[in-house]
């Protein structure tokens, strides 16, 4: 059977989905929650609490004051200790609300019952407002404020909702487990998003290496009109937004444009689940499923973690200490994730997993000369020429970089992954990209 | 050793592809051609191949160690490939010192002087061969006949003409049969004679994804097409396209020389342009030029065009195929 | 004469004459009229095209100089590598007054050596400060500190800045430095600053740009400015050369007289001078004088 795919480029790193069979467990309550104020793309939330305030689970602690920003809610109950800088995912210190945890009291408005609420009572505008109020951001990793995608636009109308259940990164299994254990809730969440976006059709893309998830979702989808489950070829980066839309709908999003420009809205299955909880259960985004995994861990796991918990709690939860010889801690997946400074970095809305890397796999190979093998050109899903972009960026020829469409790069890492000379292609492409975007910004401001 | 956490940029994984795997893959693909050369030319072929390998790898090692004083990569397989291909491009009776001169031209001038692996614009083995042909025309065009005096080094060789030589002198009558051409029971440079052995190697490289099919197929097809048109016009003067594909260095050139990744274009479109240009030039030099064989020059000339080809044949950028219109 | 030679000479002669005629007319037709003074001024300039003047290359600067001389206002124009001699020659040629320019030098403002700011992480990536800066705050944790990968060294055309392997910090050779400013923009953290060389090469500066609270900064680096403000209080009333903002002390070069009194009083040794500062006056209170070693490790090579 020929599975749909994005046709050009891509690589197939070893899947290493060790934790695919481990059910989701609650992580537990931390002693202290460091809730970072910038947990979304765009502007950070502005704190609305101060030192000494008492908060419950679900209390609003940060407000979205810019167009592209999101609300922030407390994930624990206790007292606000201070608003101070902590080291975050970026490798730099960033402002956070630090809460000393006392008990586990939730806001009364949150429906904590396990019943499935299928009736969607709110109108589309109200749904969008609710998504904004509950601080929902894209849980695929980009943390884009979800409500902005549904605000709509007079000249562009969507006809399809694309749901990303691909999880193409190696090691990560949080979306997989969600689709196995919470498929009904995800389906209702998708119906909610369809109503908000005023579309009649939803396509859920799932990579074919999760046949149990495909089957489970297919069974559940029969009860919900308009939702189609589409298994996709196992190829990285199948889950990248542009590639997913190409695979499912055969529409190419032009450079610099959004999915709405080709008539669709894209969201992750985790976001669908969060939307269900927000709209149907009145629960803000305060926890999410995080995978803890690594080749040297005897046990791996998927945990429902409260935002602000230290990542070290994940390791304790699988009953382990840091394995001997661990030299790298990756937040996210190994292809696009960020190497963290330590295991104590607090979990935030965008944390999909934690991968512990052993000494043997930590170090990069020594780069050699480019042998012009064109493998990087062959694997680039965006049709770029990484060898050329790297050369131009190294020489700081940013005008030439711009002419070669360097801003189209989605930073998937396929080129660096495959280069036989182990050249740091993506490092220099990113360097060139940030400089070109700075030049473009300066040009617009003139 | 410290135990500090390491911070680096994504991606944090690397597949196990490296330069050695690619290079030694090509060397293995050249093994059938080597075995064929030993079958037809015996110890002489062994001598030529061994000398060429020692010279090429040795010269690269010496230059890297004493002249440029940089990291020694002489044993990564690329110099070995040049050594093998250079050996395959010369007759089996070539004197050792001429081979040394050719190796210096191939590795020293065509490769190291430009900056080493990946920086040379011209195929080093072909530069070496072209240099030898210009400097030692007599020895480079004296071909011992196959299957004679295989195991006696030093005895006077019985020489004969290559099929292309016969074509150039006497026209398309009395050419060797297709079977001889395919197996390799003909005069010629030791590696180019057996089309069968080269084809086996080529298929191995396709299987291992070291090369793609576009360059060899388009090179041979355009050579066949060009010579075929002329053959259809006047078959008493021109040889048929199948002969042209199997004779001379066309097979070796199409499968191993034109596909050299350093000197060929970076996109599929570009590779097709490169191969078609090379095939037509090869036919043109053979038929209208004063040399009986034009394969090496056709590839060298197309190597010169590669930067231009790269500039104008870029892959299609994602998002340029705009195929969505909002309804209504 | 042999007719072949005759014909050859005649043909070549005609060809040469023809080419000369074409060149003559083309040169005349496509000539760009330009002020001849620009070329002369450009000849007086060093010709390094470093951009330190703020103009695109020496030719661009020459155009600006001629324009400024005609306008009657040469202020603000200075060639750092050429210095006073070059500017004086240009002024003499153009017949205009050139302002006195203070000789400047690049100053590295970070004391985070491997010893004072021990590394807590390791970096595995390209040796480019700009790339490492976007990845994380640095191996020692200070988000303002030197990353030690040498972007400043790579960009210098005058061989005036080198990385010290032991300390991991760049060192400026103030004889060779022409204050062109390339290292200032190359550093992603703006650690290097152009400061006046000072009378008799005496200058004092705060060797830290960390804006975090003192205790936080000190956790990462023992040589950080901890915002204690002792230096501000030590600076004589009449001078008050310190600007204290965002938990960081800064010496204003317009006011500083390079007396060096502030150097020994800094508890972390974050203030450096190019000369040996005077010993601090003995305090009247019977407290133990904290006499940190005056930070005169800065080489005045």
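In this document, chain identifiers A, B and C correspond to the written order of the chains, with residue numbering beginning at 1 in each.
One rule holds for everything that comes next: a contact is a pair of C-beta atoms (placed from the backbone, for glycine too) under 8 Å apart; a residue touches a chain by one contact, two chains touch by 3 or more.
Since this is a predicted model, take the numbers as computed values, not measurements.
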If every chain is a node and every touching pair an edge, decide which shape results: line, ring, star, complete or other. complete
Based on mean C-alpha positions, which chain is nearest the centroid of every protein C-alpha shown? A
Roughly how far is subunit B from subunit C, centre to centre by C-alpha average, rounded to an integer in Å? 53
Distance between chain centroids, defined by C-alpha means - subunit A, subunit C (Å): 43
Provide the C-alpha centroid distance between subunit A and subunit B, rounded to the nearest whole angstrom. 48
For subunit B, give me the residues that contact two or more of the other chains. 4-9
Would you pick out the residues of subunit A that each touch at least 2 other chains? 91, 339, 341, 362-364, 424, 427, 430
Where subunit C touches two or more other chains at once, by residue number: 121, 124-125, 131, 135-136
Under the stated contact criterion, what part of subunit B meets subunit A in this complex? 3-15, 17-19, 21-22, 73, 78, 115-119, 261-264, 266-267, 314-324, 326-327
Parts of subunit A lying in touch with subunit B, wherever the complex brings them together: 8, 11, 13, 91, 155-157, 159, 170, 242, 246, 250-255, 257, 262-263, 327-330, 334-342, 357, 361-365, 368-375, 377, 380-385, 387-388, 404-405, 408, 411, 413-414, 416-422, 424, 426-427, 430
So, in the complex, the side of subunit C touching subunit A is made of residues 121, 124-126, 128, 130-131, 134-137, 141, 143, 212, 216
In their complex, what parts of subunit C are in touch with subunit B? 119-125, 131, 135-136, 139
Subunit B residues touching subunit C - in the complex, by the definition given at the top: 2, 4-9
